[in-house]
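Paired with subunit B in one complex and with subunit C in the other, subunit A is shared by the two complexes that follow.
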Partner chain A sequence: MAAKKSTLKVILLGDGGVGKSSLMNRYVTNKFDAHLFHTIGVEFLNKELTVDGYKVTLQIWDTAGQERFRSLRTPFYRGSDCCLLTFSVDDSQSFLNLSNWKKEFIYYADIKEPEKFPFVVLGNKVDVAERQVSSEEAREWCQENGDYPYYETSAKDATNVAVAFEEAVHRVLAMDDKTDYLISTDTVRLHRKPRSATTCCS
Partner chain B sequence: MAELMPPDTRRCTYFFLYDGSKVRGEGDPTRQGICYFYPEETPLDKQELMCGQLAGVSRCVSELSSSPVHTLRLRRCKFAIHMMEDFFWALGCSTEVPTVSVCELLDHLINIFCFYNGPIRQSYQLNSKETLAAQWARYLSHVQSGPSEIYNIFRCLRTVDSTTVDPLLLLKAALILQACQRCPLVLTGCILFRGRVVSTQMSPQLTMKVMVQESETYTKSQRSNGASTSCSLGAPVSSTAVFLTTSELQYLQSTPVNKNVSPFSPPLLDAPPKKTRLSRTLSDTPSTESEPPRLQTPQKLSFSPHMSESDDSFSPAPSQSSADSPNTSPQPTRSPLPNGGHAVETEHKLSHHHGFKSNGGSSVFEENQCLNGDDVNGDAARRAVFDLQGDDSGNEQSRDAQMVVGDSGVCFRKAESKHPPPPFTCALDSLEESPLIPKMLYMHRVNGLVLALLVEHGFMSDAASMEEVYHSSLASLNGLEAHLRSIAAATPGTSGQYTFAHYDCIQSTLTTNVSGRSGGAPEHPFVRATSLLHSHFCDTETLQEAIIRNAGVAVYGTRSVAQVTYFQQHSGSLRNSGIPNQQDSAFSLPSKARHRLLKHGVNLL
Partner chain C sequence: MATDSALKVIFEHEGVFIHPNTEEEGTEPDLLVSGSLRILEKDAEVLVDFRPLEDPVDPSNMLCAGQDSSSVVEWAQCPKEKHQSHQLLETQQSYETEWDMLNAVSFRKRSSARGEGLLNHSLERSRWAFSVSVSDLRSITVKDEGWTFVILQQKEPSTSLPALHFHQGGSREFLDNLRRFALLTESPEDETCLEVSTPNRALSQSFENLLDDNSFGLIHKFRRDPYVATFGGLSKVTNYIYDALRGAEEQQQQRPPEEVADLLGEVIPGLEINQQEEPGFEVITRIDLGMRPQVTRREPLSADRWSKHLDMEGRVQDVDQLKHEVFKGGLCHAVRKELWKFLLGYFPWSSTSEERRCLQRVKIDEYFRMKLQWKSVSEEQERRNSRLRDFRSLIEKDVDRTDRTNWFYEGLNNPGLTLLHDILMTYCMYDFDLGYVQGMSDLLSPILYVMENEVDAFWCFVSFMDQMHQNFEEQMQGMKTQLIQLSTLLRLLDLTFWNYLESQESGYLYFCFRWLLIRFKRELSFQDVLRLWEVMWTGLPCQNFHLLICCSILDSEKQKIMEENFGFNEILKHINELSMKLNIEEILQKAEGLFHQIRSCKDLPHSISSILGLDTGHQRSDPTNAGAVAASQRAHLQNICSNGLGRENGSQNSGRPAFKS
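For the complex of A and B:
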């Protein structure tokens, strides 16, 4: 536990225009700008948090959703501790593309055990009246794909934004706890083997 | 006089600023007038000797000839001279460096000083000699920090390598700058990465000045991991006072947002018809002061190589010329205006139109008019082969003889009036008498990346604006830095088969595969030939192509209004001796250059 990482890298992925940059800005600076330009490549902001008494720097990476920026963004997937798959509830295509984003992330981030990696799904723009994706559809997808937590957010009016990022942090820390445990059992096993070997020979 | 240092790769061998007003009476020691002397370890006696003699000679010659002294040559050392009121600057370089370049360098130095310290007289009233000496030392070391010898020749803006950086990232940088300008207190900006320009909204000259501070804060941040003067936003943000010339300011105010560097577009056409104009085009609205020179030098109005404001890059003249008859434009600058009185209005206008009639007086000690034939041979010089006998290391005698053609011809009068490529715009804004307008330079550093913004004074006290700019750009700067860092590793090496240098006169950028590694020994002949050709191009406005060669090396140079390119092919056997003939491999250079350089984005077709 003591060696827990102090910087957590969380990456936002999803189609262009679903509100990834706005979510990041809302969470870190609590501002909303309706006229943001397309993100080119990647951007990131840091936010200091205290979780369970630990000081943690949350590094939120915002990526370009458009296909033409693919080669610019993919090199920065590596080293992510958590991936926030984002779609817009008023755009069903962005929802359908979630699995592509997940695939792209797993491939470029070089995730060894995708089923254990913490994904969080965000349905943004809930402030918009005309929805194309229902809560049920979204939850169903999350359920089927690995029981991911799902949050309906609005960067515009700040709905659920902080909650979603905090959930991401908790997921990562929970993962870390598990791996810490696994590593320690591994170590024990390694030490045990040679000892048993020597007893065997003697 | 003291023995001068042998020519070496160091750009500058001497630099000093001498204040004549401190030495009035017979009994006043010369040392009182020495504001700064480089190398600082020079014995005081020798400092006095040089200051006294150079200043004396210059005053004498300029009074005899009624025209200012621009260069002096003393044995193996070539001095660019700048006089303003009682101040006297001299910058000495090896004779191998083109005169044009030495003069530009001096002007650039003075420009930098005034940019950060304000008017010269005033800054010496407000600050101690020692404080300002440290500033000079800093600027001098900055301007000499080019990676290779070739940077001694061209005053250029170093940019990120556009062949390795995704153009989308350049777009990203441009958008960050644009976003910052949503705050009305932000005038203009540039983004720099590790001493190179990623994107700039400023003129190349202004960008160069800003970069001095960038490299300063970079070394500081490297040293102490902190930042300089900071403000509420914490360590990575700093600010410093700077001073713009009227023309710089006007350029900023008159240009639409994010106007890119293009000093030759008529930026002020739509500006309110003030007297101050920067534009140098036909469409200039005539004004009384500028009329006469315009009429006299109609050729200056065409879009031709020599329309450059480089004309005045090392002449203290323009400010004065406005007051006088335009013919006598290169007046010494004993102007009636102490700390920037009036007269800026006329200065810049004239600076590019000013007549280049020689006043006859030449102040160069030797070889002044050697290459006066350029009017005669100008047209014939479309393609000239100069035989550069003697190899590069030895044979000083013959080299000196060649220098007459290539180098020393570029003295005084001609260099001043006719050197063609527009790159040397740094002194366009001659500083003297120009009222300098204080602004602030805001810098936000993210590791190797710097966002530099020229802002109104109010910006620094306006917390809301500052926070807005800071927060709206932070994420993008973080990202851009991450991107650039990931590709920064690749450095272009010499590609072996050829050496080239391509100078973009409009943007003041240099593309070259000259690495400058290990003293640059193998590249030295190329650099030397380039330097000679450069001088010659500057000297002969109609010259477009030239080949220069000796037994071992042939270098091809070609130029247009917007660019100058130098090319050398490395190959086993050169048949380049004696009188030029069809067998000469030198003659295949133009076509080789055209083909080889295409992949570097240089189009000579």
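For the complex of A and C:
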């Protein structure tokens, strides 16, 4: 059983332009592309990592933030194991919208016990000098909303990116006894075919 | 019309009973009338038809009612079910006496229970026959008494038809088939009652649901009671999630459970649901395409060739020939700046150079008048105008992320960026209802790159947006329509692949979303996008050629997808990752080849010919409805030119070209 691979689905949500795609690319390819296009539709990347001796495939989903495309992204919320709520520290509006993103996620992912669901909050673009959202404000919001872990990241200079994604994995695994979890995920996972992990990542 | 008499059997099930004693007084107790229940399509009307068995009406006559000799009714023995005969019924009839395709439905013909009390007298029996149009149904009540019985309630008069007792099963198939033509929604008051809504509304509603949200709440209800749950709201994605919830092992090789509504089949009229799991009931559909002809592409149209197409006054000669040359080879870059204006419909083909100069002067005025509108909004004002503020913020963010490696837009203070921004802002003033939607910067960028001129780029963009508008509207109707059309095409061109996609819950082709939204802009290199778009803008060789381009790309990928047994996620990922790996000339070649194959197919289904505009008279139609527009454009042009510069004229007409007729 312990040799079995498991796929964890993590979804990045937040306003357009906060850096969701950049964070995903930084984590998966360790690159920052300043010429990246804005996202149209839905994309995902896989990243394999080993946690406590278990091989885990992290499937990171990235969608477009604009309201118009909501009905096209929300179906993909289903089956997420963790949600990374993302804002940009130089854009206060994106911070104010966090609650909406959280609500949208809980609704469409059909989360039964929202209090228990692992959210992680990312304040991106900390390399930018002109901040509109302070660490204190952000931490306070996380505290009040369910004691979510908060990371200040920069996709540009890689600050805290890997740490944040790894925290997401830990959160998911901490939800249950790990072994139990890894076995049970095979029945819950969207991608349960053992071969999927290998074909996706090649 | 020859189609008037075409009658199509959508569904047929024998062993459906009426219990007359419960309906009417004075009949023998325990009387059972056994009959066959059908769903028929005739003259675009869908009927539910019940005939008692051994009725004088011969069921096989039904199939060719009004049609001379072209119906084919075959009887075949199914090896799997030795004791029962199987009937193969032609269900799809085409124009005239030709068959669109072999679309055979085989189903089990059960020996009906001829117990005592069965009516013998034919007149007595035929009394129980009825036929009712689906659009006249108000609701359907589904009840269970050890077997299922169904009560159809009509709208006018508001009476119930005799209850139909499905003693030999088949009620679910019956309802599933009805769902293809009507939306059945569970009544809020009574969960056994399904409300029937009209086909048109059902069509749009259910497709709404394909992409919509609220469907998700249904999954739980569905799991509790898949029988009564409202299928209309379940999307393909839900299916797939539903499978996921059911557990891994049993799912691995199996087709998803049949109980889950096949929404795509529901929303695409005429598309048969492939019910492979239902024993004795299967749909075989195929279209016989001949060999794909080898197509050669030509050299791009040169500046020299182009100048030969212009007469002394600058009128374009032989437009059809010119369009053909553009279709076959595209344009040399030097010609694009001028010819794109014609291809997009900004310049009328019949105009002289002088008339075009006049037009441009008017358009310059119009443009700057609109540009001034947003330019003159103070910060103060904008604070109170959230829509404008949102548009601006979206545009600013997207301009920063559009083709930034192209020299025209690269670097920090490139003037190209300002132009892109200003044109998009001005477009918001031109069409404030639509405003700015993500994807539009992708459509503008190549046009601006070619025009190198703010005003010309704006008006060409306006023309392009006229074609693409629906993709971006609130309900994204354009996207839905195109996905349906593409699915229809693919299913008939390549049933095997379509079935595969379907089995992976990908039959609604979600993964083509980006292709269609911005016409392959993200899939091809910048130069290839220019080539593809100019080819598409000729409107040749048929309407919706871009859908054949989708088919052409999918045709090249299907082998890998099927051989490697890609699932839902992998298909999405694979298609996403084709970006920048495609070869435009190969794609165009194959797409044109597909077109020739389709056109020379003599039994072309009507659904295909209407998507591609191959019906009589539609050939070579310009997507922008050239004929009528050209005439009024000419009138307008002459008007402008005879009014001097036409400035007053232009401003009085509040910014829109005055294409009055």
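The working rule: the second predicted complex is superposed on the first by the 172 of 202 C-alpha atoms of A that agree within 3 Å, B and C clash if a C-alpha of one lies under 4 Å from a C-alpha of the other, contacts with A are read in each partner's own complex, and residues count from 1 in each chain.
Note that contacts are C-beta pairs under 8 Å (C-beta built on N, C-alpha and C of every residue); 3 or more make two chains touch, one makes a residue touch a chain.
Worth saying up front: this structure is predicted, and the values here are computed from it rather than measured.
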item: First (subunit B), second (subunit C), both or neither touched by A:17; value: second
item: Subunit B versus subunit C as contact partner of A:78, first or second or both or neither; value: second
item: Partner chain(s) touched by A:41 [first = subunit B, second = subunit C, both, neither]; value: both
item: Contacts of A:55 with subunit B and subunit C, given as first, second, both or neither; value: neither
item: Touching partner for A:31 - first (subunit B), second (subunit C), both, neither; value: first
item: Which of subunit B and subunit C A:108 touches, first, second, both or neither; value: second
item: Shared contact residues on subunit A - subunit B and subunit C; value: 37, 40-44, 69, 71-72, 75-76
item: Contact set on subunit A toward subunit C in their complex; value: 16-17, 34-38, 40-44, 59, 64, 66, 68-72, 74-76, 78-79, 108, 110, 186-193, 195-196, 199-200
item: Touch list for subunit A against partner subunit B, complex; value: 21, 24-25, 29, 31, 33, 37, 39-45, 62, 69, 71-72, 75-76
item: Subunit A-facing residues of subunit C, complex; value: 211-213, 216-217, 219, 235, 237-238, 240-241, 244-245, 247-248, 251-252, 394, 397-398, 401-402, 404-405, 410, 437-439, 442, 472, 474, 476, 510, 513-514, 517-518, 522, 564-570, 572-573, 576
item: Subunit B - residues contacting subunit A, complex; value: 166, 168-169, 171-172, 175, 179, 471-472, 474-476, 478-480, 482-483, 486
